[in-house]
Amino acid sequence: MSGRDTFLPKFAALALIGAGLVFWARSVLDPYALSIVMFVGINIILAVSLNISNGFTGLFSLGHPAFMTIGGYMTAILVMPAARKGLMLPDLPAFLAMQEWSFLPALVAGGLLSALVAVIVGFPVLRLRGHYLAVATLGLIFIVQSLAVNLDGVTRGALGLSGLPSLTTTWWVYGFVLLTLFVCWRLKHSSLGRTMLAIRENELAAACLGVKVARTRVFAFALGAFFAGIAGGLWVHVVTLISPDSFSFGLAFQLVVMVVVGGTGSITGASLVAAVLTLATEFLKPVEESLNLYGASQIAIAVGVILILIYRPAGLFGTAEPQPLNLIKRLGSRHTSPANSPE
Amino acid sequence: MTFPYLLDQLVNGLILGSMYALVAIGFSMIYGIVRLINFAHGDILTIGAFAGLAAFASADLPFPVVILIVLVAGAVVGMVIERTTFRPMRGSPQVTGFIASLAVSIILENLAIMILSAQPRTFHIPAYLNTLVHLGSVSVRVIDLTIVVLAIVLMIALVTFVRFTRIGIAMRATAENYDVARLMGININRMIMLAFAIGSALAATAGLMWGAKYGQISPLMGALPGLKAFVAAVIGGVGSISGAVLGGYILGLAEVLFVGLLPPALSGYRNAFVFGALIIVLLVLPNGLLGRNQETRA
Amino acid sequence: MLEIEDIHVNRGGTHAVRGLSLTVGRGEIVSLIGANGAGKTTTLSAVSGLLRPRKGRILYRPDETAGAIDLTAMKAEQIVAAGISHCPEARQIFGNLTVTENLRIGAYLRRDAEGVAKDLADIHRRFPILEERGSVPGDKLSGGEQMMLAIGRALMSRPKLILFDEPSLGLAPILVEQIFDILEAVRADGVTVLLVEQNAAMALDISDRAYVIEAGEITLSGTGRELATNADVQRAYLGAA
């Protein structure tokens, strides 16, 4: 595989450049702008990890918000001082109530819990295909929300948990962005990644070639859920609160937009669109306010999505990873990628 | 647990079921003819409710006229959605169409919030619809009776239309095989538009009923009922009108009884229950109760 | 009655038909024979409007006296209205509709209720099994019954020209005989027939004229008898040594 041998040095170089940018941003930008940067990073983590299930493997999952909720709550609960837990969450099992973890292990725990749920739920649910799978994963969002609201002894119900420490810094986000990109890149260019693509293109053929289809799909689903859980933990400690409806249907749509518009299977595409979308929404906010047209940016994005689906159904990049030099050329030409949107 | 209480719950279940059935029929008709889940269907319910409110508020219109206005409003919106979003998607993969209909739903919901503000409004209905009627040990409002009767009338009309009229048969033919339907001389674009119009008209009527029943409407009111009606359609068998009716009533009754009969601590789980049921039905009975395997299309 | 002039048709991204021309005279049975994938179905679909030729023309004269209608860019629904009926490959009857509904939908464009009732009765007479199983859903019929239903459905629009796509495919030999008898009866009723077939022997037997199509082009043409006795045709399609 071309590029694999040069991958590590290339990645390290890009990582260093990125680190430089983060350092510069932290010294130059005010806290609000920095939080935007953090959201861009978190959305990149979300979009790229959703690409593993939706893009590479062709599972249409709308479930990321559910896993963010799970990860977010888990992280928040683990990080929270024991005294506070005792007060706010009376029904929490004793062993949990006593824990006070630092940020990194709490994040990982949140990710692992999400992945575990994904595995348990995934084996039955991933037998569905296409839009039925989409609706089932949407149902997951509602089920998780319902649990979060009703198990109020453990989650504080509809009130949610507020006053959380703002532990997330740009470095944490950057670190996990690097991790996500690294994992996804290696995955895509590995035999497992090729297996996933094979499943997306033609499941029956893949099965005939000996691919363990169900297992691979669940793995893709769970891996995406892992990162979603971490993203949830990171998010929650930027906004310092979490409630059952923190991560809901609207977010699911936005994430799907990032994957679909960026190109189902393109890591660069998903990241780019994630960044652009986050920044665009942010810049459009004051415009909305001044014109008193709340929601106009959502409408614009939705219309944009429809247009792209009609005219460029494989997304802007398809499955390709454009090299910077080809980028401009590709965007301009009528480039049709060999891969289609997932069935 | 007293008998009158149970009866009360059954009546409520019937009313909720009637509304779910009407929306589910629309889902099934649209799915049957274009093989796509119309995510914006629930938002048409919202539009129907607001159209009804406007109709009631503007002039002293008799109820049948209000119903007519709502039917027309729903049909128009449905046809616009078909023409602008679904027709260009024809032939695309399932998932593309689904995302497009998600996008339409977002557009409609945000437009509604922009134009109508997110605040819920009271849905005023004329006094005579609010009067109580006593049937044995149960008292219901006239509007409640009207909802069930209207739903049944509409369903019978629809089934008659689809089973026995020339155009109804043409619609069923189109739903099965576009190319061969064209070889019969059928204009499939018109048939598809008709399916959208009818399905949306019914969903809008359900919105009118919802507003009348619960007395309050808001721009996002239709999203969740729309999803639940989809669950009902799946239970009955997507693509089957009688399945949608069956599924609608089963879900309506089940949801009401779930809340009414189980301890109050569990009633907050009603949505989880509905979606859990969806996942189970999709896994165990993929074609629902009455559906046929509709996945192939020539 | 039908003139196909040098059409090129794409199907699913391939250039399936390349510069094909053929004519069908009024009252004739004309066959188009060839192997799988030669472009036979594509040709019929171009005539009935399901596919549009990239180049070339298709002209149709419904009556002796009427002018020619250019079918090339017309929509399928309009072509049916002009009097051309297409009985598609693999029968493709509507499984969700009953037998009688299938027949009635064949008459979708007709406004003369009495004429439709008469034609329905005629078809019932010709295929009594269709009357017997009138309210059975289409997908419960056997292969042979479905073929009769497909033919009946095509006849219900009272067409002037019928296109038949491989009517014998997948049927037992005794049914195949029946089907070809029916095709001759159809012609006897005054309907012109353009028949596409892999079963060359039977097709040539009933045809007035025929064409051989290979890789999207016509390679031979002549009367039915001429082609049946042609050595190349015999070797390629009729199983002669």
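First chain written, first letter: the chains are A, B and C, and each begins at residue 1.
As a working rule, contacts are C-beta pairs under 8 Å (C-beta built on N, C-alpha and C of every residue); 3 or more make two chains touch, one makes a residue touch a chain.
Because the structure is predicted, anything quoted here is derived from the model rather than measured.
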Pair exhibiting more inter-chain C-beta contacts, A-B or B-C: A-B
Per-chain CA centroid nearest to the all-protein CA mean: B
Between chain A and chain C, centroid-to-centroid distance (C-alpha), Å: 55
Centre distance in Å when chain A and chain B are each reduced to the mean of their C-alpha atoms: 33
Euclidean distance of C-alpha centroids - chain B vs chain C, Å: 43
For chain A, residues contacting two or more additional chains: none
Residues on chain B engaged by chain A in the complex (per definition of touch): 36-37, 85, 88-89, 92-100, 102-104, 106-107, 109-111, 113-114, 223, 227, 230, 234, 265, 268-269, 271-272, 275-276, 278-279, 282-283, 286
Touching residues on chain B, where the partner in the complex is chain C: 166, 169-170, 172-173, 175-177, 179-180, 182-187, 292, 298
Touching residues (chain side chain A, partner chain B) in the complex: 60, 124-125, 127-128, 130-132, 134-136, 138-140, 142-143, 145-147, 149-150, 249-250, 253, 256-257, 260, 293-296, 298-299, 301-303, 305-306, 309-310, 313, 340-343
Contacting residues of chain C [partner chain B, same complex]: 48-50, 75-77, 80-81, 85-86, 88, 92, 94-97, 101, 104-106, 108-109, 153, 157
